[in-house]
Amino acid sequence: MDNDERIALLNRVKNGEIDVASASKMLEATSDLGYANIDWARKERTGYSEVVYCAGKTDEQILGIAQKMIDRGEENILLTRTKKSTYDVLSNQISDSIYHDDAHMIVLRPRRFFKSDKVIAVITAGTSDIAVAEEAAVTCETLGNHVDRIYDVGVAGIHRLFDKMPRIEKAHVIICVAGMEGALASVVGGLVRVPVIAVPTSVGYGSNFGGLSALLCMLNSCASGVGVVNIDNGFGAGYLASVINNG
Amino acid sequence: MDNDERIALLNRVKNGEIDVASASKMLEATSDLGYANIDWARKERTGYSEVVYCAGKTDEQILGIAQKMIDRGEENILLTRTKKSTYDVLSNQISDSIYHDDAHMIVLRPRRFFKSDKVIAVITAGTSDIAVAEEAAVTCETLGNHVDRIYDVGVAGIHRLFDKMPRIEKAHVIICVAGMEGALASVVGGLVRVPVIAVPTSVGYGSNFGGLSALLCMLNSCASGVGVVNIDNGFGAGYLASVINNG
Amino acid sequence: MDNDERIALLNRVKNGEIDVASASKMLEATSDLGYANIDWARKERTGYSEVVYCAGKTDEQILGIAQKMIDRGEENILLTRTKKSTYDVLSNQISDSIYHDDAHMIVLRPRRFFKSDKVIAVITAGTSDIAVAEEAAVTCETLGNHVDRIYDVGVAGIHRLFDKMPRIEKAHVIICVAGMEGALASVVGGLVRVPVIAVPTSVGYGSNFGGLSALLCMLNSCASGVGVVNIDNGFGAGYLASVINNG
Amino acid sequence: MDNDERIALLNRVKNGEIDVASASKMLEATSDLGYANIDWARKERTGYSEVVYCAGKTDEQILGIAQKMIDRGEENILLTRTKKSTYDVLSNQISDSIYHDDAHMIVLRPRRFFKSDKVIAVITAGTSDIAVAEEAAVTCETLGNHVDRIYDVGVAGIHRLFDKMPRIEKAHVIICVAGMEGALASVVGGLVRVPVIAVPTSVGYGSNFGGLSALLCMLNSCASGVGVVNIDNGFGAGYLASVINNG
Amino acid sequence: MDNDERIALLNRVKNGEIDVASASKMLEATSDLGYANIDWARKERTGYSEVVYCAGKTDEQILGIAQKMIDRGEENILLTRTKKSTYDVLSNQISDSIYHDDAHMIVLRPRRFFKSDKVIAVITAGTSDIAVAEEAAVTCETLGNHVDRIYDVGVAGIHRLFDKMPRIEKAHVIICVAGMEGALASVVGGLVRVPVIAVPTSVGYGSNFGGLSALLCMLNSCASGVGVVNIDNGFGAGYLASVINNG
Amino acid sequence: MDNDERIALLNRVKNGEIDVASASKMLEATSDLGYANIDWARKERTGYSEVVYCAGKTDEQILGIAQKMIDRGEENILLTRTKKSTYDVLSNQISDSIYHDDAHMIVLRPRRFFKSDKVIAVITAGTSDIAVAEEAAVTCETLGNHVDRIYDVGVAGIHRLFDKMPRIEKAHVIICVAGMEGALASVVGGLVRVPVIAVPTSVGYGSNFGGLSALLCMLNSCASGVGVVNIDNGFGAGYLASVINNG
Amino acid sequence: MDNDERIALLNRVKNGEIDVASASKMLEATSDLGYANIDWARKERTGYSEVVYCAGKTDEQILGIAQKMIDRGEENILLTRTKKSTYDVLSNQISDSIYHDDAHMIVLRPRRFFKSDKVIAVITAGTSDIAVAEEAAVTCETLGNHVDRIYDVGVAGIHRLFDKMPRIEKAHVIICVAGMEGALASVVGGLVRVPVIAVPTSVGYGSNFGGLSALLCMLNSCASGVGVVNIDNGFGAGYLASVINNG
Amino acid sequence: MDNDERIALLNRVKNGEIDVASASKMLEATSDLGYANIDWARKERTGYSEVVYCAGKTDEQILGIAQKMIDRGEENILLTRTKKSTYDVLSNQISDSIYHDDAHMIVLRPRRFFKSDKVIAVITAGTSDIAVAEEAAVTCETLGNHVDRIYDVGVAGIHRLFDKMPRIEKAHVIICVAGMEGALASVVGGLVRVPVIAVPTSVGYGSNFGGLSALLCMLNSCASGVGVVNIDNGFGAGYLASVINNG
């Protein structure tokens, strides 16, 4: 809950639109469900509500957390790393929701909005990197940004990248998603004047060692202005891009 | 068998309550089953009977060892890293047993008891760390300790941790379970005056490399008073906490 | 050379203030010295002139590059990873220069200016991280930013961080420099609404493996909004922060 | 400053033995020297004053911190990872100090005291591990513990260990320091009923990879009751042992 | 084919018991099946016929090689890393064969024989190491050695090892199989005067990293007289032990 | 499209055999399908059309790309890392195609041709390396080369290699495929006067760490004239060999 | 000695120009100096005489080998990884020699010659990569090739590379030398139709881990036609390029 | 002290040649010097007296241990990993000693003897591996074995190895010392019928990663009968070879 929301709530108390006990409950900083301890103060601190990382959580736990957030009135609730089967369970209870297949993400009570006019470009080196790129793109969109998707412009055919430079140069932040050797981040980094967020992917085999090759490549970029997130961490890239874009 | 148990046995021999051959059998330091060599002397040496690590053992081997320990009169026999299907086989033969689902542990002939009044706090950074935390907590309880479970208080919303400090400060030992970057151990270590046992988990993806990130983080803690156990080793943490708690 | 500079140059040609041959030379996109191929177009493309990475270069090569850039009229020429002995050689030829001892950086023809009023906070976990932090801070300042240095606020005594939160919250971008387990980045990331650039350092010993522990910690941050640069890469962090700050 | 110290100070204020400004200064939770931010609250939180890690700090910084702590009235100020040359500088200013050569530690204003009668045993596998063991032992002693040093009892001649078991069994906590394959920790862990703190050392060569072999060995101990600290981290082991010993 | 076999064959030619074309075929050094190139000269060079490593081979390939070796008159043909399903296919064609379940090995035309009276001891740290130990033991037996199996004598209960020392000391070569930290090899190495072949296993979890912990432990043994083979390589240990035992 | 193809197309335009719109379409340098951005200029730049890496692509994406390339008139379209099930889908639409089972490759509109008379030898250390070798061999053949397959000539029976030297010496380029320790590349490299392309495979177990052992072995070859490609990268080796062979 | 040299020698014997004992000596395949076993047959087998790797050899050993090769009449004797101090010792004895400072190589009895008209391009990403590039270039030249050096064209300013494409496209083989993230190899690989030999260098810091980042990047190149040699192995790249160039 | 020595000592007691106190002292199993705990029982257990590993020990400690062993009457006392400067100190006190320069070993009271007629062959791949080979060879000789040194027969010129096979085949045990890719061990392993002890060395650069490449190569040998010791561990190889040779 941020300051605006808090003032709105207190006005409802003042106007008798909500009883004091309920309002008090909504002003708590956390809700401890035993297995999860939801951080209602995060929005005020960081500008965004808590996002639910679903890997390693049971469907029951996910549903419990989701229900609690909906009860609280949250919108655009983002669930990452979800399985389709989890969505089948959730959507039975919470029909106001969508599943992003490529991105393996659920958005509960999705509401499209824009915090600014500035665009985030999400570019990939190859087709196989699209799943991670979509995680980034959906995150950006859910957090209120315009996104321009530019896929499969890796350095093996570098003119494909140059063809897209007019669109890329319009972006305020660039998310660059690449597996294998991850060279795209360095090349893009040398061509632009905006921040580049590099996302290494685990696409590849052998000595890519689950994304290590692209990760090291991006960390050692000879071009400046590149920040790196974890392997396959499309969400993290999207979140960081959003923070920058709305700065 | 520890000294008290031995004296009790010898009194039973003296009183003719048990025949000499059986008693002699029970005084052996080991039972060699061919595939397993049970260490009856461990309790006297270390204060605790042997715990059965079940990964890589067949159901037949586990059952054989379990039966031998029950024949010997052991209670609170702890079986770790077990599958539900193994419990289905075992519980047919040994009904006086329970299965801890989250912890993947079986306790044969469970008997609740307390060696001291001091409490071990088991805290996790996230919901996904609970399986490992439960392995630690059940171990602590089976070995005779009070446990306080405090889950999902990771540093992304650090006020959740501060909210729980009154409970954490009451503990005599703290087990801190965290995956991803494992930063919780350092933060807790800087706030308390009791030993912190840090358990890295394999929760996460990409460059967490199966728990390596949390492991290295915890080993390099800038806060002092932190000892580390193997990745996902809830049992080891619980055992060490118990040794300290009952010291 | 960016567009403004080019227009100024062409006006000088038009006015006869500079001869055509010299002007043509200055309009070349590169100068190939054989051992180095200076990229004059970088400023137009990325907003900043080329920065000279001096590790592995001889003093003669560094001096050659430096002289060429000065001949071209560049100011605030940044040389990173330099030795004091190199500065002793350079400053004989180029007196309009300073050496930043902690940061191991030289700035030729230093001119203080500000691109915006927004502040970049540079914070460290410990005193031993200051060399890397200074590399970041000097980079930020040379590229036209206000910097607020906040040092030695690591998580072992976390109230030190909270004491400084009022200053940290005033920053538009935060650079977080930490060695050992690098937990500071996650904690800060969970408290703020601006981008956090995490710089792992090689400070520590044993299983920090030259900065690997802090690097993995930061990449696996449970808090969002964190981008990571290479180990000890203060320059890279400063550059990225500047790009964001002036976005 | 802990509660007792605070009460004493306030009594001195009340009795006019100290002026209010000085007392107020001493009640601050931190002293920010710019390059270091000393955490005076640590003693109250964790039971021990801040320990100064000297690697990567200049002699000037170390002296500044040391002087500040002395001004504050601290005793048994522990400086780790120091060079002999640093001590030569310090001892000129602060004569009430000693240098522990093997341990590479300085203690300023050393005062021998004991928090309890219980003993911490520090054992090593070999002679080459003694430097790390001494770091542990001096830490224990400075923090108020009795220490029993038992060196060079590695498993290549395991009867040497058994010869010392009567002494080892008298300890309340055991610190086990070993390089190469680090097997001593597992063997000791299987023989005792008290906590074992395992310290891997970088002693060895080739595939010991700077202590990695001993570290992994100790983390994977088949014996329970073993907690591990960082490679060569004698200080960390000593601190943790002290926390347990005085629990 | 070794020298004795060759003389026998030539006598059969001389006596007209075999036609010249068949005999000539049998004197070839290799048989190239396209997908496999069987090395008939290996027995003469190294004392043992080729052993068939089956991982990564199709059932058709394995059957083709096996049939060729049987046609050539080989006995005790050893097939390693086989699946039960492969045996089901093979045994339909080649009934004179057995499957060793634990060891995942097939022996075609098994014939028990002994090259010497000396014994190879195969010892394991735990029950979970038995599969690898059986691969070693069956290899030793198939190559003509007496084997003494001593299982589950790991260092967590070291008296179990001492109980078995009388049997271990009778061995001419010792194969020591252990996972987790692999400390058993060092302890045994310090107690005996015969070669110890150490086999690290992948038993364990977390930072055992697929057997790396035991491998590094064994390579860094502080006891001398220890040679190491690949992780889980029971066959390699059995073969080397046999070469030593029959030396 | 290379120069010859372009001239042919323009002649067809001139002769009215193709309408201008279609021809214009075919002269585009890329076709952007959204999820893939096909690089038609690659053939002119590098001599070969784009090859489709299928891992991580959906059947729909693969079919879309394939259809586009066929529409463009491409022949010998190479699809790597494909599943048999993908071929079942594709061959329904595109009957002029074959599936190479061992190599996991599809060739659409296969047309046998030869760019030169020179031969590429593909040799393997073992039978289990054949899948990777076939990926190399089929690549070479599809790109217009003669291939000589020589399999299972590893160094454990080195005379098998010497037997094949007459064939190997006839090759203009040698592809050497080996897993485990990968020693074959060094031995071959020391015997020949033509380039050796070494392909490490993931064949093996334990400390081969997914092909790392063979990779490092080949990179550190004491013989000269050896270039290395990624683990299991038969395609990459075949492509490089073809570039050299047709040089 | 190759066939031509052997025929020349035998003619000298026939003509009485050399005595039989000396000629016989020169026809030996090896000279065993005890500490070194010179391989005279290498030239015939591989087309090039043995090259002397000097790291880890004493000056006495190097001089001994060098003298032996000169006695045999060898020219263009290449000594790699030499120190200047070694050259000072050698050149006293063998004046017909030169030292390549950047490349750390000595050539004894240097004789410029060309095996073909085709050119090898040696390109570097940065100035700091020049030492390795020179090792490659001098190797190429000593083995009879034309070399075109193109330095400092890394991807941070990619137009520098495009400026040089006309020269690069004239090469028959390209050696691409790059540290940090090594992206240059992929970009070049996507632009040319000749083999690219990629040489990762250890230039960089932090997570380049001594060249690992560039090595993995190059092995995982998304562009085809790239073969990789060991980190900093300029000699190996030069040798392989020469074998290809003269094929 | 072994059984023969003990009987001799007791006879001296019986005959009054030595007083009871001295004899009792000599019958102790250990001498604890505080910093070292000498294991006199090792000879009886393992057949060899303790060997002193000197890395990480001070000259004073080494001298103390050496003097103690000499007082006890030991001969052929082996000190490994010693510096020349240590020998300079020691030889002042103990003139009956020699320093092996290549092997970095001291032997105190050296006495040549032979336990058997069987020969151990020590072979190296290159000249740079000789230091490690000499550590092995001197160990073998000091422990009573005949040694045949065969150096510089690596696989780049494999005929050099074949030339030496007659000598190699006479050995009862083979120690194979190789750096870089370490392929020699596999090749030799495929050619002989005796045990091969493989010693990886750190000779090489780049991706040899301090000997890791040779270590992994040797552990993954496709030839059987190969046991591996630690990187650069010539002593360990020599000791193991001696145990086998005298078995």
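Should a chain be cited, it is by its letter among A, B, C, D, E, F, G and H, assigned in written order, with residues numbered from 1 in that chain.
Assume contacts are C-beta pairs under 8 Å (C-beta built on N, C-alpha and C of every residue); 3 or more make two chains touch, one makes a residue touch a chain.
Given the structure is predicted, the values throughout are model-derived calculations rather than measurements.
Novice: Which chains, if any, touch chain B and chain G both?
Specialist: A, C
Novice: Which chains are shared contacts of chain B and chain C?
Specialist: A, D
Novice: Please identify which chain has its centre, taken as the mean of its CA atoms, farthest from the centre of chain A.
Specialist: H
Novice: Looking only at residue numbers at the chain B/chain D interface, is the share used by both copies over half or under half? Answer same or different.
Specialist: Same residues, largely: of all residue numbers at this interface, over half are found in both copies.
Novice: Would you kindly tell me how far, in whole Å, the mean C-alpha position of chain F lies from that of chain B?
Specialist: 53
Novice: Quick one: report the Å distance separating chain A from chain D, using the average Cα coordinate of each chain.
Specialist: Computed from C-alpha means, the inter-chain centre distance equals 44 Å.
Novice: Round to the nearest whole Å and give the separation of the Cα centres of chain G and chain H.
Specialist: About 38 Å separates the centre of chain G from that of chain H.
Novice: With chain centres taken as the means of their Cα atoms, state the distance from chain A to chain G in Å.
Specialist: 50
Novice: Quick check: what residues of chain G touch more than one other chain, meaning two or more?
Specialist: 42, 126, 156-157, 190-191, 206-209, 212, 215, 219-221, 224, 230-231
Novice: Between which chains does touch occur?
Specialist: A-B, A-C, A-F, A-G, B-C, B-D, B-E, C-D, C-G, D-E, D-H, E-F, E-H, F-G, F-H, G-H
Novice: Which chain G residues qualify as touching chain C in the complex?
Specialist: Residues in contact with chain C: 126-131, 151-153, 156-157, 159-160, 163, 203, 205-209.
Novice: Using the touch definition from the top, list the residues of chain F that touch chain G in their complex.
Specialist: 42, 45-48, 51, 172-173, 190-195, 197, 215, 219-221, 224-231, 235-236, 239-240, 243-244, 247
Novice: Which part of chain H faces chain D closely enough to touch in the complex?
Specialist: 29-30, 32, 34-37, 39, 41-42, 50, 53, 55-57, 61, 65, 81, 200, 202, 210-212, 215, 230-233
Novice: Under the stated contact criterion, what part of chain D meets chain E in this complex?
Specialist: Chain D residues touching chain E: 125-126, 154-158, 180-183, 186-187, 189-191, 204, 206-209, 212-214, 216-224.
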